[in-house]
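By written order: A, B, C and D. Residues from 1 in each chain.
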Amino acid sequence: MYTQALLLLPLVGFGVAFLLQGTVKRSPAIVKTWAMLGFAAIAAVAALAGAEIGTLYEGPTVFGSVLTYGLTDLSWWFVLLIAGITALTTVFTLGSLRYADDYPMYYAWLFAKVFGMIGLVMSRDLLSFFIMWEIMSWATYLVMQQGRDESRKAAQGYLVYAISAGMILLGGVVFLRTASGSFEFAVITKFVAGADLGVIITAIVLVLVPFLIEAAVYPTHGWLPSAYASSETTMTAYLSSISTRMGLFGLILFVFNVFGLDVIDRIGISAHLNLRTLLLVLAALTAVLPTYTALFQHDAKRLLTWHSIGQGGYMLLGLATASTLGTAGGLMHIFNYMTYVALIIFSIAAVEYRTGTTNLNKLGGLITRQPVAFLGMLFGIIGLAGIPPMNGFVSKWFIYRSLILGGYPFVALAAFIATVGTIMSVYKLIHNTFLGQLPERYNEVREVGWVMQLPIWVLMAVVFATGVFPGTILQWIARIQVELGIAPIAYTLGGVAQEAGDLNMMVITLVFTLTFIVGAVIFFMGGKRRIVSQYDNYAAGHFLNKDVPYNFNYNFYSAFDHIFEKLYHAAPVQSTERNLGRLVATVGEYIRRFFTGQINTYAAYYVAAVIIALAFLKEVL
Amino acid sequence: MVSPMLFIIAPLSAAFIMILFNSRVIALGLSLLVPIGLAWLGLSWLPYTLGAAQPILVASIPAPLGIPLSIDALGAGMAILVAVSAALVVLYSSSYMKKGHHEVRYYTVVMILLTSAFGLVLTRDIFNLFVFFEILCISSYILVSWEQDGAALEASFKYMVLGSIGSTFLLVSIALVYRVAGSLAMADVATALATAPRGYVAFAAVTFLFGVGVEAAIFPVNTWLPDAHSSAPSSISAILSGFVIELALVVAFRVLNTAFAAVDTLPLVRVVAIAGVIVGEMAAFGQKDLKRMLAYSSISQIGIMLFAFSLGTQAGAQAGLQHLLMHAGAKSALFLIAGYFIVRTGSRLIADYAGLGHRMPVSAALFGFAALSLVGAPPLLGFFTKFQVLSAAGAAGGFTAWLGVAVILFGTVLETVYLFRVLRVLFAPAASGSPARADMDWPALAAVALFTALVVFGALLLPTLSQMIGPMADGLASLL
Amino acid sequence: MISTAQILYITSFALIVIGLYAVLSQRNLIRVVIGLNIADVGINLLLVTIGYVEGGRVPIFAAGQSAGTMVDPVPQALVLTAIVIGFGVTALMLTLVMRIYAHHGTVDASRLRGLKW
Amino acid sequence: MRKLTGLLLMGGFVLYLVSLVPGLFNATTPTALDSVGAAIIEDSRTTSGSANVVTAIVVQYRGLDTLGEVTVLFVSALGVAILASGFRDDVFRSMFADDDGGFILQYGGRLLMPFIVLVGVYIVAHGHLSPGGGFPGGVLIATAVFILILTGQSARMPHRLLSILEGAAGLGFIGLGALGFLGSELSFLTNTLPKGEYLTLLSAGFIPFIYAMVGIKVASELTTVVSVLTEAPGHESGKEEGRS
């Protein structure tokens, strides 16, 4: 009942938004309100649908098999995340979106995307999974390509990756269907368990590679930064927070449920060098490299999109350990990352709404002008950097611990290195936006309206609350773990209790708060502070005035940049990707020469074809 | 029941009447009414043909002395497709073709082309097939040269030379077959060739394949296609890409698969098909001329259909026919819309269409839908047909089948990229202000919308269709 | 001992091959058309040859004449059709060559490459 | 290079021709028919009533082919007319002999014309009795016009009349064929007319009538082909001035 509604509502929303498109120019508010109500309804239904976990529904019959869908614990979790973040995003767009001129189809495509994602996580057979996967890819493309010219270009890049992924997946679907004779997950599981190693490897490669591409796991992440960064800013938040995780959902579903862990572990040279090791290595690379690439970015959105790749690496790290703690960390990190990245980007969007730019070299000092946005970003980056008491700390702690306990010290080291990079880059982010010198042109900047503040406040509360009381989230995680066939995590309200050391966030938060209070007391009691004009100041040995800008804003990490610049520009992945594109174009160019336009040549092809065909048949006879 | 001979008589008479009265109204009216009537005729015959093929007696002389004709499910289905497409293209032409510019003659030639298309579907006699094939070719030559500019003349000439080589080989094949079989009826040919020397049959089969293959645009005798389909008026491109090559393909494959069944030509056909897919997509990838790009895409789509047929299974044949239906709708729509793009901008180059989507929003949107279906985005019809082809290939198994799957998937990526490059240009921000909306004229728009509706909502028809596609697919392996 | 049929078969295929060779190798469009016509003639000869019977008579009954040995009338009917079709195509092709000449000022195939790639 | 490739390719073709179809080139001439032709020779007298078996096949047994053949001619004549109408300049005139043939040729041609037409009509009418029929007859009739043009007396052709003749003759063919729907077999192109007395002019049912239609059609189409090529549009007036 609610399950059907979950699929139906986005479709209805899409239809209405599509039809309302004609009225966009005259009254954008109508469409915005409609969309917000629609997404709120979806979120409400998503919450209610929890009652229907485990029930299977049958859809239309295609190719002689029934499309099945239904909710599991895992998919309900994802449905909640999707519905929640969409609703929040839509509320934010009520204020922020310059809708009518640049984005006439914004909400229609968004509804389509939500339909695709919800459909994807609710699919209970391979065919409907693939159909929804494709709908989601196309809708993502449509969402991305709106607006400016550069976003269309970047979206084209995404499309190439997404369609390649889709076609590989289609190959996998056809292969599994042919081999197992069915689209049903249960049949496939049984078939794979008894299949030859060659068949398993083919199936796994064909099915998992698309997920790795969609999850932007190194080295298939090339599409993500431009595509996300050039989208409309709230859409960047939306895409970074949930869209990329659909690939991860596919991985979880197929690795744990459809193929099964033991089948996955059969692939490899030894017990320690197997497919999971490969995944761990890829995940570590994904966590480290993009994080340091982020340091070089001068655009707030682009900086964060690199983090959405890197944080995906963390999630994969946790999941690939396949241990209780690791999967809990991975699954929780999906939620945590979603909340704080949305928070950060909303803050950036709030800044962009007032200043019109996200260029880190041009912003600065906005803390006095947009305090709410500052607070939002502060909460967000504390979470992103994995510092208590925000929720990012909990999941990262799980992941580190699982890596150490699972016997992956080098991977754990990589994770730590990545965290250093994260902290460095988020500091750049908040410093260049809110701290330092306020450029004169932003003197008149005000805080955004309450509609846009609302999602920021909500997310701040969530980031903090789930940080202090991770047990609220962990109870769902434990249920999902049972479903995935992993021993559920022994959670408490404040964290976990286990023999190898437990975690209680409530205590940590208490300590933190006390320390903070002590520090504040010392600060306010002891020091004499004086508020001066920003030009009555000095930095790095020289005084600041209107003509001498606070030059740390430019080349924030210039020394660091100087050391690693060469490495960054080598960017092996991008050049491989470019070369691949060039190769296809060149080969295409040569093949085109086949059509010479010369009638004698064409006639010669003709006779040659006849001769070759005759030779072929003569061989066969 | 009305005799299916009407399929041949009606459009031919219509052509003669048009030339007799030389009036635009009569020509337009007849060329709309005749296909609609024939579509109805096909529909009314379809139920009777699902069970068994219905032979048609000509001149009261049964085969082998006379010319055997027969209407089976495949024939009825193809006839309906041809008639409906033709009616829609004529509707489009009524606003697209320049008034007075040989307009009556244009419709006359279209009617002749229809005659031959129906004739090809019905005939079960290899020489009669040759005659209808020639009518089809000649009327296509004329229609391709319609614009009479340098490109059209050149394209038409190349087409004509290759077509003539094709008919040369086809006649060689027919002569060789008649020498052994002593009869021209396909059923007799099949029995006679079963005992004939294999080399002899192989030679006849290859010359037949490449003889008819010219019109069916199989690789590598399709070199005329990009020139011809891009230089013809867009309505004609839609006819040629929409059903002429498909029809020729079905006819060629059916005869090859039945009359020449004595040698197994399927591996050969499969290789040819896969080569066609990859060459077509690769060549389309770098195109700057929209219609030429669509024409190359037709080459690869034909390859996909032929690949499906060449699997030699019932599932493959069904998948191929469904894909054929999808391609007919999608490619017709794309060409027809491209025609109006050219009318509005005066250019064939994609780069000149920047921001055209704002001037022609409905047309551009329809273009997008048709393109989506062509590349097989679910839940549009194209996805289901392409999936059927792939799973039929998987079921057939073997190296070349899986190779074909890989090539089709790779081709799809390329196809998506180049078709969406067009869409990106179309919806680029308009260069100056917002120009007045100038969508297609309503008859054209109606025609295109119907084609697009087929490929967008066609998936809903699939359950109904699949009951008919089965017997139709059997038709590919039967000569009754 | 070479039979009549052998001579005719060899001749007809020789004509076809010569005609196709002309299409393959000649740049002059008129020569290409002529080549196709030569191939056409070869095929017509091939068809008639197939219907040939040793000592066969024209398949026309005359008053007071028995049937006797007649050559196969079917290929003859086919040839009749093939000739007419060949005529139609040739007429169209030559007109087109004229138009091409009027438009491009050349009948050289290698210069007629406005459409390629 | 091109010639070498051509030679190689044709050589390859011949190679495979000889190796795959060896039976063709060491065949002895058959002495008896074993094809469908033999059956038709047996059958044609009763079924068609035509003494000329080839005619019987062309018009009746394979009448559909002939209808197609007529259509080919029709459509290619139409094509030639369409293409010829596009001549904008004097190209064709300069390619085609433009000087008039002189008094003797002109009057000789005019004198000959009725006889040629008469022969043509004769050949058309006797298609079922002797070699000939609609196609050669029609061509002969067109030749009469062609001679007029060759001798430089291209009177303006009545194009409208020609196309009416084309259309009407085509419809006549179909109409005669459609008479078959009146018979019991309900079959297109059935020879329903009375067969008459064997070996006489009015025999063989509808064959002479169909051939008459074919003759009219072929004659008018060939005339169209020849005349449109000599009358480039816009040159009539100039031509007349040049003549006088």
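What we mean here is this: a contact is a pair of C-beta atoms (placed from the backbone, for glycine too) under 8 Å apart; a residue touches a chain by one contact, two chains touch by 3 or more.
All figures in this text were calculated on a predicted structure; none of them were measured in a lab.
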Chain with minimal offset from the mean of all protein Cα atoms: B
Pair sharing more residue contacts (C-beta pairs) when A-C is set against A-D: A-C
Chain centre separation in whole Å, for subunit C relative to subunit A (CA means): 69
Separation of mean Cα positions, subunit D and subunit A [Å, integer]: 74
Separation of subunit C from subunit D, taking each centre as the mean of its C-alpha atoms, in whole Å: 16
Whole-Å separation of chain centres (CA-atom averages), subunit B against subunit D: 31
Shared interface positions of subunit D, touching two or more other chains: 2, 5-6, 9-10, 13, 16-17, 19-20, 24, 35-37, 40, 61-62, 65, 68-69, 72, 75-76, 79, 83, 86
Two or more partner chains touched - positions in subunit A: 592, 595, 597, 599-600, 603-604, 607-608, 610, 614, 618
Per-residue overlap in subunit B, given as positions that touch at least 2 other chains: 127, 131, 134, 138, 141-142, 145, 148, 157-158, 161, 165, 178-179, 184, 199, 202-203, 226-227, 283, 286
Complex interface listing, subunit C residues touching subunit A: 20, 23-27, 29, 32, 109-110, 112-117
Subunit D residues touching subunit C - in the complex, by the definition given at the top: 2-3, 5-7, 9-10, 13-14, 17, 24-33, 35-38, 40-41, 45, 51-54, 56-58, 61-62, 65-66, 68-69, 72-73, 75-77, 79-80, 83-84, 86-89, 91-92, 95, 129-131, 135, 199, 225, 229
Subunit D-facing residues of subunit A, complex: 600, 604, 607-608, 610-611, 614-615, 618
Touching residues (chain side subunit B, partner subunit A) in the complex: 157-158, 161-162, 165-166, 169, 198-199, 202-203, 205-207, 209-210, 214, 220-221, 223-224, 226-227, 263-265, 267-268, 271-272, 278-279, 282-283, 285-286, 372, 375, 377-379, 383-384, 387-388, 390-391, 393-395, 397, 405-406, 409-410, 412-414, 416-417, 420-421, 424, 427-429, 462-463
Subunit D partner contacts - residues on subunit C that touch it in the complex: 3-6, 9-10, 13, 17, 20-21, 24-25, 27, 51-55, 58-63, 67, 69-78, 80-81, 84-85, 87-89, 91-92, 95-96, 98-99, 101-102
